[in-house]
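For reference, the structure I am asking about is given below.
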Amino acid sequence: MSEVTTVGVLGSNGKVGQAIVAGVQAASDLTYSAGVDKGDALTDFVESGTQVVVDFTHPDVVMDNLKFLVDNGIHAVVGTTGFTDERLDTLAGWLADAPGVGVLIAPNFAIGAVLSMRFAQQAARFFDSVEVIELHHPHKADAPSGTATRTAELIAAARAEAGVGPSPDATSIALDGARGALVGDVHVHSVRLAGLVAHQEVLLGTQGETLTIRHDSIDRTSFLPGVLLGVREIAGRPGLTVGLDALMDL
Amino acid sequence: MSEVTTVGVLGSNGKVGQAIVAGVQAASDLTYSAGVDKGDALTDFVESGTQVVVDFTHPDVVMDNLKFLVDNGIHAVVGTTGFTDERLDTLAGWLADAPGVGVLIAPNFAIGAVLSMRFAQQAARFFDSVEVIELHHPHKADAPSGTATRTAELIAAARAEAGVGPSPDATSIALDGARGALVGDVHVHSVRLAGLVAHQEVLLGTQGETLTIRHDSIDRTSFLPGVLLGVREIAGRPGLTVGLDALMDL
Amino acid sequence: MSEVTTVGVLGSNGKVGQAIVAGVQAASDLTYSAGVDKGDALTDFVESGTQVVVDFTHPDVVMDNLKFLVDNGIHAVVGTTGFTDERLDTLAGWLADAPGVGVLIAPNFAIGAVLSMRFAQQAARFFDSVEVIELHHPHKADAPSGTATRTAELIAAARAEAGVGPSPDATSIALDGARGALVGDVHVHSVRLAGLVAHQEVLLGTQGETLTIRHDSIDRTSFLPGVLLGVREIAGRPGLTVGLDALMDL
Amino acid sequence: MSEVTTVGVLGSNGKVGQAIVAGVQAASDLTYSAGVDKGDALTDFVESGTQVVVDFTHPDVVMDNLKFLVDNGIHAVVGTTGFTDERLDTLAGWLADAPGVGVLIAPNFAIGAVLSMRFAQQAARFFDSVEVIELHHPHKADAPSGTATRTAELIAAARAEAGVGPSPDATSIALDGARGALVGDVHVHSVRLAGLVAHQEVLLGTQGETLTIRHDSIDRTSFLPGVLLGVREIAGRPGLTVGLDALMDL
């Protein structure tokens, strides 16, 4: 990390893009080299000597962006959604022809959320019981949240693989909904409360003890430290990397 | 509280009774005067000069116990269940003829639980949103717990009285059960987890802030401080008192 | 609350003032009548038929503002600091000559913080142990926070008044600072953490159970619901009221 | 794990030993074969065909116990304290001559505590700030707890290794002790409260988000699931294993 890395941003005029530009500019080991938005040319990245580009754009344009970057030997950190297995295969093909170039595709850059899922997955098989509570602002349309559903799926898979049965539950008289929703065999509870942003607790319990992994995200910029982590690490990881945790050496 | 109060225990051989005897014996301002269980005579309390009797017995015998105690000018602190309005009326009638005698009937002696319900009720009307999460060991048969149901009812009533509408909730796509059970218009979530005993959180939220009132009970003896509080206060409260909070000057 | 109240704002161009104006405009039972800032005349409130004025200005000007408002029969909700006993006495004198006019002076308008302090104070004497943990962003200069210090003082006073001794503590070998700071005989711990805003927990414990009162403030606008509560209630409380809780009928 | 393992217990008459015997007897994949306490012969383990022995005894006798077990091809799971580097070297020497025999030495068998330390260590370098709060019953003599000190040391080492500086802290005016104790450069806070047993929170924060890892131990038997995990795994891990986490494939 002693040398300065030059960083460009795709979608640099958007809300997320602007936050990334500011984050890069504030980091002493990074230099902001070029921003590209609608109407600008991708060649700006080449001309400015950009080493890593961050792409938070749109599924319609991200593949073209990546083709250009890989062809020009520029690493990429990508938060754009819509990566099907087919798209990942195509991308891996391009990277096979560009040794030394690294691309990170990640659905979630909040470091706390990524670690929280990973730890839940690792711990799940050692406890008799696991449940998930997610808590969000009341404007959210879906319940449970996508992160909670994904977390519960990872927990259920880890327990199934280890041969651990469902959490014990003697409930025989219940009000409808009291025990939450079932994702696999994991109970998930969704709280909606004014004054909250995005929060999640994984509760794990066994005889006489419990372990709670809680993640609180109270600011829309919580993706930023994860993006900068990706920017700093991707040059050292040639080829395709999926998921921020793959860069974290956990 | 400078004088020593003499305290007797009904059901003194049971598990709860034994814990109460031990608690009385450990308190420097109380003296244990007599224990009565099946086969013993209630007159033991009179002969031993008992001032206050604690009754954790059975609905079948509690009214006879109380008739005797009131007639003999002995105060009572009662945790026995089954007090209908009719029974309370009968008891109030006896007490009308025994000026100076006090009887406390309380469904819950855990001070933390009592305060937690009271605070939830007081705070409920000042927040846009309120939800309840209760967490118990996995051997529990009912969901939600009786305490959580009662708490939610108190919250719903306080909000209705203040003209506060339901908590905002934009949920449009939900897995069955994700948003919990509805008690009145309050969402209640029941977690069952190995390693827990009995726990409850009331979450209240408004613009930019939340207030959480959490009660953890991890030991079956958590009723004891409330019983001793009742014993110390009841002599100063002639007549019928229902609920420990009525003695707490909140 | 069926009639619409007309509300004016002093310091309406400042950050706080703008948030209050927006909050008044968003409330269906309130109408924003006039804003006054440097260079504007206080008579605008009279001409616009303003019933209640909110003052978040400066100690240098607030007394002149209040003299004008009281003389003109306008109620006031005041978040400006610097109210000495002498100032409160002067204000009470003015109000004695203006029957029907109400003024609220409050150091803290965050409803959750106000309730949290009140509940801590009420509960303190019923528990063997009480400690306070406050958690803030790492840019904060003072530790403990002013709110935590005030909370601990209220707790210590409530316990002293009830004759409750210090919390039990068998610590005999301790690293310097481990047990926190002492405010009265209450231990207070200050956490400073990136990603936090302003949070506080009061922990109360007795045999087998604990009660935790937690307040989280994650947004600078959390004073707004309390200001609107003051605006709605002050017309019904002639004279001087100090502290938001005095309006809350707890 | 389909075959039944025969398990013996050293110190089988003690409080901990009795809990282990009961735990082995309750597990369908384990059979309790023999208990040895003062006055009994270690040869009972050989005669009863014991495969794994659990040793929670005393530093004075544990080395003799282990010599016998290793010589007789019996695996051991050891919670006894006092293992210096010298003792571990001696033990490793014995095991080198007994291929196939496994010995686990672990200072902490509470699975939640072990995972909580591991996760704190893994996560520490990804966050700007880390602090530790430990909370215990008021009869505890030392502050911070041994587990909290060890956790903070692991955190400090992980951050030092990754080149992460101290947590940001602008505190300039502080009451003595408010910011806790320093272990390395990690702030540790010790709460002592009636109604608690043993609890710990590791708080990690970065821009806009926090991750909290909380461990609650409310029962003296919380070591049991970890002991049974060791019993089930040790036959498959010949040689010396130190620390329960080494068996957990994290």
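By letter and in written order, the chains are A, B, C and D; residue numbering begins at 1 in each of them.
FYI, a contact is a pair of C-beta atoms (placed from the backbone, for glycine too) under 8 Å apart; a residue touches a chain by one contact, two chains touch by 3 or more.
Remember, it's a predicted structure, so these values are computed and weren't measured experimentally.
*Asks:* Tell me whether subunit C and subunit D, two copies of the same sequence, contact each other through the same residue numbers or different ones, using over half shared as the line for same.
*Replies:* Because over half of the interface numbers appear in both copies, subunit D and subunit C meet with the same residues.
*Asks:* Once you find the CA centre of subunit B and the CA centre of subunit C, what distance in Å lies between them?
*Replies:* So the centre of subunit B lies 32 Å away from the centre of subunit C.
*Asks:* Would you mind pulling out the distance in Å between where the CA atoms of subunit A average out and where those of subunit B do?
*Replies:* 47
*Asks:* Calculate how many whole Å lie between the centre of subunit A and the centre of subunit C, each centre taken as the average of the chain's C-alpha atoms.
*Replies:* 39
*Asks:* Got the subunit D residues that touch at least 2 other chains?
*Replies:* In subunit D, residues 127-128, 195, 204, 206-210, 216, 218-219, 222 touch at least two other chains, as defined above.
*Asks:* Based on which chains are in contact, what kind of graph results: line, ring, star, complete or other?
*Replies:* Drawn as a graph, the chains make a fully connected set, so complete.
*Asks:* Contact residues on subunit A for subunit D in the complex?
*Replies:* Those residues of subunit A that touch subunit D are 1, 110-113, 115-116, 119, 122-123, 126-128, 163, 204, 206-222, 224-225, 229, 248, 250.
*Asks:* Mind listing the subunit B positions that touch subunit A in their complex?
*Replies:* 127-129, 131, 133, 135, 138-144, 167-183, 187-196, 203-210
*Asks:* Within the complex, which stretch of subunit C touches subunit A?
*Replies:* Where subunit C meets subunit A, its residues are 195, 197, 216, 218-219, 222.
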